[in-house]
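Note sheet for the following structure.
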Amino acid sequence: MFSLQPKPIGLPPGALVHTGLQKSSEVSLTLIDYDAEHLLVKEQVSLEDCIPLKETDSVSWINLSGLHDIDQLQKLGDSFDIHNLALEDVLNTGHPPKCEEFETYVLLIFKLLHINDQTGGLEQEQISMVVGPSWLLTFQEKPEDIFDRLRDRINRANGRIRQRGTDYLAYAILDSVVDSYFHVLAHLGERLETMEAKLLIDPDSQSLQDIHKLRQELTLLRRSVWPLQIAISEFQQIESPLLNEGTAPFLRDLLDHISHAVESVEMMRDGSSNLLDLYLSLSSQKMNETMKVLTIMASIFIPLTFIAGIYGMNFENMPELKLAWGYPTVWFVMIGCAVGMIWYFRRKKWF
Amino acid sequence: MFSLQPKPIGLPPGALVHTGLQKSSEVSLTLIDYDAEHLLVKEQVSLEDCIPLKETDSVSWINLSGLHDIDQLQKLGDSFDIHNLALEDVLNTGHPPKCEEFETYVLLIFKLLHINDQTGGLEQEQISMVVGPSWLLTFQEKPEDIFDRLRDRINRANGRIRQRGTDYLAYAILDSVVDSYFHVLAHLGERLETMEAKLLIDPDSQSLQDIHKLRQELTLLRRSVWPLQIAISEFQQIESPLLNEGTAPFLRDLLDHISHAVESVEMMRDGSSNLLDLYLSLSSQKMNETMKVLTIMASIFIPLTFIAGIYGMNFENMPELKLAWGYPTVWFVMIGCAVGMIWYFRRKKWF
Amino acid sequence: MFSLQPKPIGLPPGALVHTGLQKSSEVSLTLIDYDAEHLLVKEQVSLEDCIPLKETDSVSWINLSGLHDIDQLQKLGDSFDIHNLALEDVLNTGHPPKCEEFETYVLLIFKLLHINDQTGGLEQEQISMVVGPSWLLTFQEKPEDIFDRLRDRINRANGRIRQRGTDYLAYAILDSVVDSYFHVLAHLGERLETMEAKLLIDPDSQSLQDIHKLRQELTLLRRSVWPLQIAISEFQQIESPLLNEGTAPFLRDLLDHISHAVESVEMMRDGSSNLLDLYLSLSSQKMNETMKVLTIMASIFIPLTFIAGIYGMNFENMPELKLAWGYPTVWFVMIGCAVGMIWYFRRKKWF
Amino acid sequence: MFSLQPKPIGLPPGALVHTGLQKSSEVSLTLIDYDAEHLLVKEQVSLEDCIPLKETDSVSWINLSGLHDIDQLQKLGDSFDIHNLALEDVLNTGHPPKCEEFETYVLLIFKLLHINDQTGGLEQEQISMVVGPSWLLTFQEKPEDIFDRLRDRINRANGRIRQRGTDYLAYAILDSVVDSYFHVLAHLGERLETMEAKLLIDPDSQSLQDIHKLRQELTLLRRSVWPLQIAISEFQQIESPLLNEGTAPFLRDLLDHISHAVESVEMMRDGSSNLLDLYLSLSSQKMNETMKVLTIMASIFIPLTFIAGIYGMNFENMPELKLAWGYPTVWFVMIGCAVGMIWYFRRKKWF
Amino acid sequence: MFSLQPKPIGLPPGALVHTGLQKSSEVSLTLIDYDAEHLLVKEQVSLEDCIPLKETDSVSWINLSGLHDIDQLQKLGDSFDIHNLALEDVLNTGHPPKCEEFETYVLLIFKLLHINDQTGGLEQEQISMVVGPSWLLTFQEKPEDIFDRLRDRINRANGRIRQRGTDYLAYAILDSVVDSYFHVLAHLGERLETMEAKLLIDPDSQSLQDIHKLRQELTLLRRSVWPLQIAISEFQQIESPLLNEGTAPFLRDLLDHISHAVESVEMMRDGSSNLLDLYLSLSSQKMNETMKVLTIMASIFIPLTFIAGIYGMNFENMPELKLAWGYPTVWFVMIGCAVGMIWYFRRKKWF
């Protein structure tokens, strides 16, 4: 989670190096070209097919899945006049979410989050998006079904998406991503509530590791959500012909959603801190009880054992030993001691 | 408390889905139409009755109770030209309080809080309010008597409310809601003081759970109160013909009240943290005392038992055993040991 | 301390209800009317005596002590054209300090703090002040000698106060209040230092409750001082003919004093948190020492008792028992064990 | 440290009262008058000697050491037209550092800090400075050698100081004070590092008190350094003929130095908090080890003692006692028990 | 880490004193003079060789390695008209990173960080950079290979660097430094993850010191990274002919990188705090388990030993001792006791 893959020292700025893990074995380009009337969807296209679409008025969405083929990325970048510094950020898969305006396009970097079904752990993938006047490039580490659903919406030709430009497409992609955050949040919230319920019944050592893991995942989540809020806010405020007026209420709504996500993350962080406090308090209280059991047992029986020890001594001159009522008396004294101790602990409300 | 009900992934923005729990079995529309001279109150109206009132100058307050009938909500929204993004927020019952200005109306979302009489727990219900030029729509999850009291005030025709427009009605609704927060705050404050008094007398394990529950409720409360303060502040600063000048001092007063509520929540959060610190300190102190009892008992009796053990040995050649004053001497030594220990612990101020 | 007295639900805004405790049995009006030449002081005046003074150029200071007579308050408010929302705040004795500008007057609410001589606890009383062009109204829950001293200063006719208007009188009242805060702060600071000194010598369970009480009082103090700083800052920045230029340096000085008070409160809060940390650390350290005593005693004597137990067994075939040097050898072994243990603990620097 | 000396209640604003401790027995005036060509230094001057210099163009630096002679202070103030509110602040030796602009002069209050060589404790003294057009007054509680070194610099006539006006002199005084803070910081930093090294080797109870003392001194230091940063920043931004353009880079440099000091204080506060965390963790870990020793000793020997106790019973019918191999068997069993326990604790990695 | 080397008290501002440790034995000047066509690299040059290059249009980068030769530094400063206050900052090797604009040049101070290969500790070296119109001076405490790699890039004449001015060279130096931070961050992140993995398996006392060391290094890192972010932001915003427009996107990218570094430091600080919390919780939990073992052992065997002690008493009149089934009955009772205790602890889920 804290691992960074810095690029080698001494490289000039803008030198392209793929530093993350290679998450997908193949690199594939997908192209969708549409306007209100026509629609063209092509998978596994070559770069040459995409370039002519740059100049048309229809919206061309080119998605590159797999980042380790640097040559192809460089060519794609050059074809669309993308600054090498922007491509460098696309390749740095540990980059925090951001929005940066360039002369003719806007670069948006954000994280896709999902819960791994096997491990239950939180995983993230970086998505970069370059929004141009009539084209939009997306870069992802491996293919994700979140884009398939968007493609379906474009296919079905209902909804506003076909009537609108690249800014609305960018909004639609961001909106899907933010919506997916709420599913992650719902999952974590559920776990938090389960853990809390379990903790109040039986706080065991597993609880501690669960809380720790949740706290780390919330840190990771926060790291994706906070800067995205800032990036969306900057995207919304860009004064550029790229952004049509009609998209403004949608971006405002998006910002509202991401604030909600941020606020939920903060509340869960609060909640998980409270849980740790609760764990520590419950643990200290259990220890207190353990101590009490030990102290009660020891305080009652140690004096009695001492009394028994006295009359186990072998002195010749121990007159008590010869008394007929010596043994019953000792029992009486011992029972008296025990009752006194019990009464003392009762008064102290120890049990 | 941390549970979110995200809408299904892949829906286009503005798609209406009811994600919360269905809190009320029936959906009912209530209509109040009034100006200084006339008053019309109708319960269980149909939507068709309401629409013509949109154009009149009199204030029309339409309240929709129950959110699961999405068709009716959609129709109501369409009749009053409410943007679908606004309706989406109305349906998302986990939405944080907010104020959003649209072209001809303002959307306000806030939470109604009350203490459940049975469980003593804090419950919240979302209320959405759309303030138009001569109409005001409210949406609630289930019928609440807070609105009944307002209707009574309108009925009685005293007070300013009948002379004024929708902005004053919106203010009156918000004011009732904020006033009701103080009752929740008073309840929690009382519980906090009770818990503190109890803690200083007898800190038991129940206290810990009580503190934890209170802290969670304060987190929930804060989540309702903080963003509402921001929302009211934004509502107050809206530059729109919707807001008459005469309403300004009332909104300023409302903002003052909600700040007071925010400040009280923060103080109680401080107070509950102090309480947890106190609990932990008291608990550590009690453990210390338990430890002292054990140490004193063990330190006094273990050496004595050892001495008794010595003279319980069966060596043939133990000259002390045959001495006439052997047994009294051992008693003397043992009492000396015990007194020494007690003196030592006294000097350490252990008891 | 956390108790709020919310007014009943459903009342229209501006409805006057006295919600606090009734601290004084009687309601009394006091009037002081002065300018550089003349001075008029009247106690127990009727409202009718006061009203004509509203229009004169001389400064008229009317003080109402006791807030439970709502009728009189309402009449007084009406005579001086005070907005009902302002009167509502005057009656809400749990209102945080604030400054609010109305059309022809300014409302200031603040708290008077003093240490109860009997209980040593911190008590607060709300004072409200309405500053008009030639009149100044003050409302207090019960009569306080802080006002008597001011009246003396006005009486003595020395000082600037008789030459100046209501703004200087308002300043003089606020200045007296802020000065009185330093006496409370000095008292709390002294207690803090005493507690710290005591803690380092003998941290007992009373210390904990003392620290807790101090922390609560500092929270209460902070709640009075912080918003007053903001209120005074707002009062200073009001652009109104009410404020003469000559009063500006005095208000700046007042703001400087209240900042000093705020800063002292924050430092004491820091100090009290440090004290709690110190208490917990000292407590943990004492427990450590208790544990060491127990462990040393048990570790030395339990093995010895075991050895004694061995030779207390009654087996017929125990050849050691018959050896002449058996008994001294056992003593030798036992002393060896004890010395070994003591050496071990010494090396661990346990004592 | 937390002690405040509030002035008596009820005094009018601007009334001069000396509230601090009297740190010096005598009051003395020192006068330095210089420009590029001439220099006049007079110790123990009378006030009358100083007044004519007010009007000359040469820089006149008048230093008053000892604040308890209020008459002289008042006279001095009157001669240079100092506002009584300013003199009140000069006398309040607990005043936080500040910069306040008056019509023809600027008042600066700051603290001189030094480590007491005997006690090793941090001590502070208040210095007030009134910067006029051609004169500069300083007020100190007792004579300090920091001023002597400045006088030497003026005497030696090298350096820029003789060519420049009162603003540069004020800068030079502030610069000396800020430089002296770094010596205090270096001392505290060294102590912090020593304490840390000691803590890792042998955390004893003295450590705790040392950490607590350091934390308090850092709180005190922070209270001197933070507001001084603000004061210097305000002094720098004053738009007044008092400040020559040529002094600007020096003031900027001074601000840079004080920021460095502020940053160092914050880092040390962090460091001292980490140290307390470390102490608590180490303490908890030592207790854990103590507990382990106790548990190992008790768990090994208590069962053995029980076995020995069994065969110490005096029942007539105990067949084992008569068996020839009974005694060795018991030894065998006991050694087996002990080895089992040791193996168990080893597997738990307890030692 | 907290050690400061303040310069002696009483020195006039701008007096040059070398206060840090002397990290390199020799002082050497290196000169690189280049433009798009020509390149001149000279090591161990004399100051006189450098001065004429000041006026040429080609970029002259003069690097001074070793700061203890104050005379040479002063001469270098005088030749390039560097203000003495700037040189003072260059010599103060404990100065926090900053950017300060002077009339014709900009001073930038920053830290080079690297992990010491032997000790694994974090070390820092101060680098100062003075950016002039056609010359750039760098000052370092000892020679670093980070500069060698830059020289190689200039040598190779590829990349933009030879076409651009001093601002791009300054950017390239800063970019190398910020890139090197990520290597330090990656190292610390790795250590953090290793420590966390180890902690969950076996939290020992070494862990605590490791966490403490990491926290201190993060504090040190933060102290280098935070102010550098501000310095770069200020450098970027300087309105001066020194900065060409073409460099702006590179500086923006640099600012983006340093924000990423800042964010990573903050996340690691969070992570290390979580680790300490985890350590404390695990430690408290282990203690709880130790206590349970002790309590179980003691509670089972102490009563049994007492029973054995009873029948070890030597009273003549103990009828049980003579009963044939006395001994088996005692065994029965003792086993019953033990089973009861075990059942009780099982029900409490202690093992």
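Each chain gets a letter, A, B, C, D and E, in the order it is written, and its residues are counted from 1.
In this text, contacts are C-beta pairs under 8 Å (C-beta built on N, C-alpha and C of every residue); 3 or more make two chains touch, one makes a residue touch a chain.
For clarity, every value in this text was computed on a predicted model and none was experimentally measured.
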| item | value |
| --- | --- |
| Chain A on chain D, rotation in degrees - Cα superposition, rounded to nearest 5 | 145 |
| Proportion of interface numbers common to chain D and chain E (over half same, under half different) | different |
| Intercentroid distance (Cα basis), chain C paired with chain A, Å | 42 |
| Chain C-chain D separation of Cα centroids, rounded to whole Å | 26 |
| Multi-partner residues of chain A (each touching 2 or more other chains) | 280, 284, 287, 291, 294, 298, 302, 305, 309, 312-314, 318 |
| Category of the chain touch graph - line, ring, star, complete, other | ring |
| Chain A residues touching chain B - in the complex, by the definition given at the top | 146, 149-150, 152-153, 159-161, 171-172, 175-176, 179-180, 182-183, 185-186, 188-190, 192-193, 200, 249-250, 252-253, 256, 259-260, 263-264, 267-268, 270-271, 274, 277-278, 280-282, 284-285, 287-288, 291-292, 294-295, 298-299, 302-303, 305-306, 309-310, 312-318, 349-350 |
| Interface residues, chain D side, partner chain C - complex | 1-7, 9-13, 83, 85, 88-89, 95-96, 98, 100, 102, 202, 205, 208-209, 212, 215-216, 219, 223, 227, 276, 279-280, 283-284, 286-287, 290-291, 293-294, 297-298, 301-302, 304-305, 308-309, 311-314, 318, 320-327, 330 |
